[in-house]
Amino acid sequence: MTNGWIDIKNTDMMLIMGGNPAENHPCGFKWPVEAKRNRNAKMIVVDPRFTRTAAVADLFCQIRAGADIAFLGGMINYALENNRIAKDYLVNYTNAAFIIKEGFKLPEDGLFSGFDAATKIYDKSSWNYQEGGNETGKAVLAAPTEGHEAKAALMPVSTAAKGAASTPPPPPSLPPNIAYDLSLQHPRCVYQLLKQQYSRYTPEMVERITGIPKDQFLKAADLFTSVRKNGDMKKVATIIYAVGWTQHSFGTQIIRTAAMLQLLMGNVGRAGGGVNALRGHSNIQGATDMAGIFDILPGYLKVPNPTDKDLKTYLDRITPKPAKPNEWESFNYWSNTPKFMVSFLKAMYGNAATKDNDFAFQYLPKVDRNYSWVNIWNDMYEGTVKGMFAFGMNGVMIGPDSQKNIDALKKADFLVVCEIYPDETSAFWQAPGITPDDLKQINTTVYRLPGAGFAEKDGTFVNSARWLQWKNAALPPPGDCRLDQDILAQIFLKIRELYQKEGGKFPDPILKASWAYTLPAHPSLSEIAKEINGKALADISDEKTAISLKAGQQLPGFAMLHDDGTTSSGNWLYCGSWTEAGPMMQRRGTEDPSGLGIYPNWGWSWPANRRVLYNRASCDLAGKPWDPTRSQVWWNETAQKWVGNDVPDFKPDSKPEEHMGPFIMNPEGVGRIFVPLGAMADGPFPEFYEPIESPIENPLHPSQSTNPVVKKYKTKMDKYGTPKEGYNIVCTTYRLTEHYHYWTKNNPMNVELVPEPFVEIPAELADQMGIRGGEKVKVTSARSDYIAKAMVTKRIKPMMVDGKKLYQIGMPIHWGFLGISEGEGRTAKMPANLLTPTVVDPNAYTPEFKGFLVKLEKV
Amino acid sequence: MWSARSNGLSSVASARLKFDVPVAPAMKKTDWDKRIQRAVELAERYSSAAEVLAFYRHILEFQKTLRADVASSSSPAGGDKAAFREQLNLDIAVQQLPALLALVQRTGPPKLAQEAAEIGAGKLHLSSPPCYASSEEQREMLRSFLLSTDANGPESNHFFARVLLQPQAEHLAATQQTQSADSSASVCPACGARPQVAVLRPEGEGGKRFLVCSFCATEWEFRRILCPVCGEVDHQKLPRYSAEDFAAVRVEACDTCKYYLKSVDMTVDGLAVPLVDEIATASLDIWAVEHGFNKISPNLMGF
Amino acid sequence: MSDRGTLRIQQISAHPGPVAGEGAQRQDKVCKLIDTTTCIGCKACEVACVEWNDMPFQTTYFDNTYQTMPDTDWNYWNLIKFNEDEHDNGSFAWLMRKHQCMHCEDPGCLRACPADGAIVQYSNGIVDFQQENCIGCQFCVSGCPFNIPKFNPNTKKVYKCTLCSDRVGAGLEPACIKACPTGCLHFGTKDDMKFLAENRASQLREVSGFQNAGVYDPDTIGGTHVIYVLHDATKPERYGNLPAKPRIPLSFTVWKDIFKPIGLFGAMLGFVGVVMHYVFEGPRREQPTPPVVRIDPPPPPAGKEN
Amino acid sequence: MDVSRRAFFKTGIAGAVGITVFGFDARPLLAQAGSLKISRSTETRSTCPYCAVSCGVIIHTIGDKAKNVTPQVIHVEGDPDHPINRGTLCPKGSSLQQDIQNERRILKPQVRRPGSDHWDDISWDQAIDEIARWTKKTRDATFIETDAKGQTVNRLESIAFTGGCTDTNEFNYLVVKTMRSMGVVRLENQARV
């Protein structure tokens, strides 16, 4: 979330889409309700199903699963057409005025400039700003001609092809002096391109793609953009989403579209505004910050790749240079990357990380391909992954394509699972359908280690609102269970011992990883938390803030980090969470002076205890809040610095007249409506593409129906269904209020509330097929089939999509083959993810769980 | 008693429910009858405290008769504790003293009754700070109480002062409605006295903690798992001791500073009257003291 | 039950003579307010009810709905009813209503009950079943306009929501109230709750475009001590058969209104009670003791009634 | 003053006539104090492990560590101080006690051997030793120091680590430290899906 849970009470307008907070975040949902009750805020819900969130909404639109970009693109078009935009914000806080290079081409045919059909990779060199100064009101150039485009389209291909043979060369960088046109008239300025791009997303087109009747879409568009009537800046709208957006083969671009809409309307950085991802689990936010994923290091530092022959090369590659109009300022905070990285290496390898050995840079593995979730299973299936550790991660249930994951595990040598309940992953060899003979053929050794439950562990969770909150252990683990961190530490120390005794491949990082914990086999999480925050390794001081630290003291914040090895920090983003003043994430101050729900002394929020990101954008150019009744930060003329109720997300002493951009993490300093160069794999603007399994051809460009850079997987398990083969029903998966993932199927109370799996089926379809509620149905996808009872409902309506009548069905995911109901033989013992396809979003590598094709039949 | 939801959510009748602020119980006129009635009930329920409660009941009935509105309610700068005490009317209190002395001689426990007699008869009283019985000296006695930083020692002269000034203080605090800025203030935001007892009031599925002032009975928010004396937050060092005999009252102690106060859990017994239940459970105090804990501030009955 | 000590009784089923405690000063009428327009059907209140009342875990079955079970049960007193509500004009709503005893001011169950002291109405409005006096005749079931009382074949007794009279007796809110995460449940005096409800209803009419929004507090049974804010108060049936004009079956009202003044009443009901008891349970094992004894012994029936 | 009061009560216990500073007869109180069955409980601030609202909860346990009594959970309370959930809990949160003390918990390490159709018990030491050997064997056999173009990559592609949604930051940091140091590049988490 750019904002936070409580902050939602400050909003005037909510668009809840790709999320179902009433069901999946009930206690957080009190704040949207609060906004309705207290501010008469309006709530628009867009979802394939009429959910419990929709039940309390002011307006509901039933959308075809996966059509979100068309809907949001239509919103952008509507806002532009009806002047429901924040002009000053747009011109000064976003790159709307920036001019894009000649040769860039919009995807009228489904492809941006630079696509290489052979490699399915874009050469992004044309997705860049034009060099030059202030073009405001200067001679208006002709729109790019066919010729341009042809050249543009051809030229990169060759280079890309060359690149494809080897690893592609590092992409060209942003120009230091960006050309811009404050009148927004230049035909190639971002604003004009944006208009051109979404002019195709007419209400009629939105209806064809999404299945939402034109008049209903217009109602939603008018209501949402009404907060910006005649450009008035007082009101604020928020957009709230969850995995209903991320789990698509274009998920990242859906979120981008939402962000663009919010920038266009000036809703980012403001109380009651923002783009708010509701994470689904207690510490998913933390796991991302802490780089539990292959393509980043803690604090979102990019992983090194093989071309980074040394630390310097690597840092030069990943440290952005400011790129902006000469007349403007850019904080370009990522310019501090070297300090973050070196401090990280010092935390990892302590004294073994020295200037002479590039701070042990070579100890880190180099990554140049996709090792993400589905690739792990795919490659295990193909035999290259031999062993797996799964700590509280039930991969068989999570899927996609559970059967593929089960078959993959059959081929592994060893599997180590740490869990608190019997789980389907460690018990994959007991999956239904496996015969005694099959069993003999399964040679995987499986260790099932009893870990500790949440109440038995201390440590930090990070919630959706980026709040770090420490929890204490209430009781010791039962029986022979051990703390997860102890288990991991003991395994690692044993491995280290083996390398000490016997030697082996590249033992240095294993032997030299810092492990200065009082009880090495029982590392205390407090000690680790302090290590993550980081400390001074020598006496250091900062003349600007007049802060000086003795060696060994905890760092007060990431501004004190150095790139010379005199500081260490396991995650720069969390620097400030455990200072000399103590553990900030353990604070429990309940005061909220501003009444905005900031609670500055409760826990600690990254970055720098800032509760709303980009909050400088909550003020006008002069530094005065757009809405004085919701004052977050402001420029104090007398003190000559930024002050406020929240921690300013800005260079504290940058005068408004310096025109520094509020989006300090971008080298441009402004919000990106157009994303230049390599940041996105599939286009600088979001374009609507069909899901990989789609009931229709993309009405915008049938020739390029799906996301061009998305690759299908090739094993014999990977089958993708089409309407021709009879897969003509759109299916989506989701969770229920009463259950949590694959966990509460072990709790009697939750099982009593919702005992059995089911499939939600539109009443009209059920009538046609003679299915009555409670009868068993079989849902079949190209991968597998799934049996559960039918819930015949009017909450899912048939829809007209591109002139064809279409049905959608849905199913909750909470049941597997181990659980209370499962044990009582009351389920078919099938994970819902047997049905889902192995295909991922090219930016986030998240699988497309939402919106795949199935057949439906009565059992 | 029927306070509507207080889980920080506004109600449509925001007049009745404060939005986004833990609802402290409305500080309206002291309900002496409620306290008296509770004292009677508890005297029946806990025979062990019958004698104490019987006397406390007399005191309550006496306090009820005192004019409380004599303290000037010209509100001083919020939280100016010295100013708060300056506004209490000592002359009135002195006028009311003889009646109190008579009552205590008639109904009080032996030592206190004897003392009342001595103060009344003008004999020198040896307890410190010394106080003499001329009205000027009696006034001085009340004054010394007001000036003492720890405005509630167990000394009996403090007893008389507390009884006489408490109604004024409660009235004044109510008119000022001082609210504590943070949830970790260990002394009363209105008058600066130490807390007498903690009270847990319903907040969602939980009980929100407030501290009740030992002098002016102001309630201020004080967060859970935090020692009001030394600020300890380590849950392992903050044991709670409860006895089956008292479902809603428990000892909230701190192993670090060895201080404790009792808490009255309104999510268990919504009929409890914290100040009265606190006195009625004196045996818990004895248990606590026997186990090496010190009470943050003794109550009006000297426990 | 602790509440007997603190809750004053107003009516007692099939009880001859005046009611204990009458004439003493009234207690505030209590009331539960349910704002259906902010209920998200999360069932936290169901869990709270089960936990507070120590209900045993029971096996439930999928029944083509999100609803935990088709109706309340003798051991499941609080149930969110999910109603898919479609209109000819195509508009659709998913209405969620927390369903439990309405605690009528004029309780049909109490009127119908022939067993002395099996059903009492406290003067704060709570209608409570005293199982020790229940003879299992189930007249209350047919007497209830909301189909609330549920019979337990094993104990041969009838059970229902007590509005947590034990908690209320101890000065607490009912368990369901504290559980609600969106704050759509309130508890307080009837006056306060009516005030809140009417405010919310007018907000819905004026701002949210629900012209028919209103408060459900049916006067046909003298009002209820559980009231709803509805988006459409003109058609309460939409909310899972909430009757617009709930009525106590005539037979029972007639009984009471005609026979009550007549002295026979007490004796007769006693007799009916015995018969019923015999019919359902065979020879009486033990004399059920009327709860009034514990409150305040009733004066003997006035002479003129003989 | 506190000292004197304690001294006073001590004498009271000692059998001397128990009267309080004000002269109340303390004997009935002393008697009751002596007969009280006192239980010591601890309140622990924790965070609900389910969704990302991260509601505060207070877990009540009885049992005295000092006296070597294993704590038992007696109540899970919504944290009334928590600014987001304000003491409320959803149906999952209000049944947390069932999650903390659940008869379905696995309580000992087990291993499933190749071809086997059942779990065998295994000691922790044995399990950890075997796992370490599996890891080393696999790593030594498949570790990649340089890629086809001779560039240093120092990576291990044959072992994957997948982390769960309830792993704490501190645990996740240990994962990064241990796994990256072994060269593990297939490092993923629920965060991805």
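Letters A, B, C and D mark the chains in the order given here, with residues in each chain numbered from 1 onward.
One rule holds for everything that comes next: contacts are C-beta pairs under 8 Å (C-beta built on N, C-alpha and C of every residue); 3 or more make two chains touch, one makes a residue touch a chain.
Being a predicted model, the structure only gives us computed values, none of them experimental.
Peer 1: Counting C-beta pairs in contact, which two chains come out on top?
Peer 2: Ranked by contacting C-beta pairs, first place goes to A-D.
Peer 1: Distance-wise, how many Å sit between the C-alpha centres of subunit B and subunit C, to the nearest whole number?
Peer 2: One centre to the other, that is 41 Å.
Peer 1: Taking each chain's centre as the mean position of its Cα atoms, how many Å separate subunit C from subunit D?
Peer 2: Subunit C and subunit D have C-alpha centres separated by 43 Å.
Peer 1: So what's the Cα centroid distance for subunit A and subunit B, whole Å?
Peer 2: 53
Peer 1: Where does subunit D touch two or more other chains at once, residue-wise?
Peer 2: Where subunit D meets two or more other chains at a single residue, that happens at 42, 44-45, 81, 83, 85-91, 93-95.
Peer 1: Which subunit B residues sit where two or more other chains touch them?
Peer 2: As it turns out, subunit B has residues touching two or more other chains at 7, 9, 11-12, 22, 183, 202, 204-205, 223, 225, 235.
Peer 1: Tell me, which residues of subunit C touch at least two other chains?
Peer 2: Expected reply: 42-44, 46-48, 178-183, 200, 203.
Peer 1: What graph shape do the protein chains here make by touch: line, ring, star, complete or other?
Peer 2: complete
Peer 1: Okay, in this complex, where on subunit C does subunit A touch?
Peer 2: 37-44, 46-47, 50, 57-66, 68, 84, 86, 92-96, 181-184, 200, 203, 207-209
Peer 1: What residues on subunit A touch subunit C, complex-wise?
Peer 2: 22-23, 26-27, 29-30, 33, 36-37, 40, 50, 52-56, 58, 737-738, 748-749, 752-756, 758, 773-774, 789-795, 797, 824
Peer 1: With touch defined as at the start, can you tell me which subunit B residues reach subunit D in the complex?
Peer 2: 7-9, 22, 46-52, 55, 108-114, 153-154, 156, 159, 183, 202-209, 223-225, 235-236, 238-245, 282-284, 286-287, 289-290, 292, 294-295, 298, 301-303
Peer 1: Taking the touch rule as given, give the residues of subunit D at its contact with subunit B in the complex, in rising order.
Peer 2: 1-2, 5-6, 9-10, 13, 19-26, 28-33, 36-45, 58, 65, 77-81, 83, 85-89, 94
Peer 1: Inside the complex, what are the residues of subunit B that reach subunit A?
Peer 2: Those in contact with subunit A are residues 7, 9-12, 14, 19-20, 22, 181-184, 221, 223, 225-226, 233, 235.
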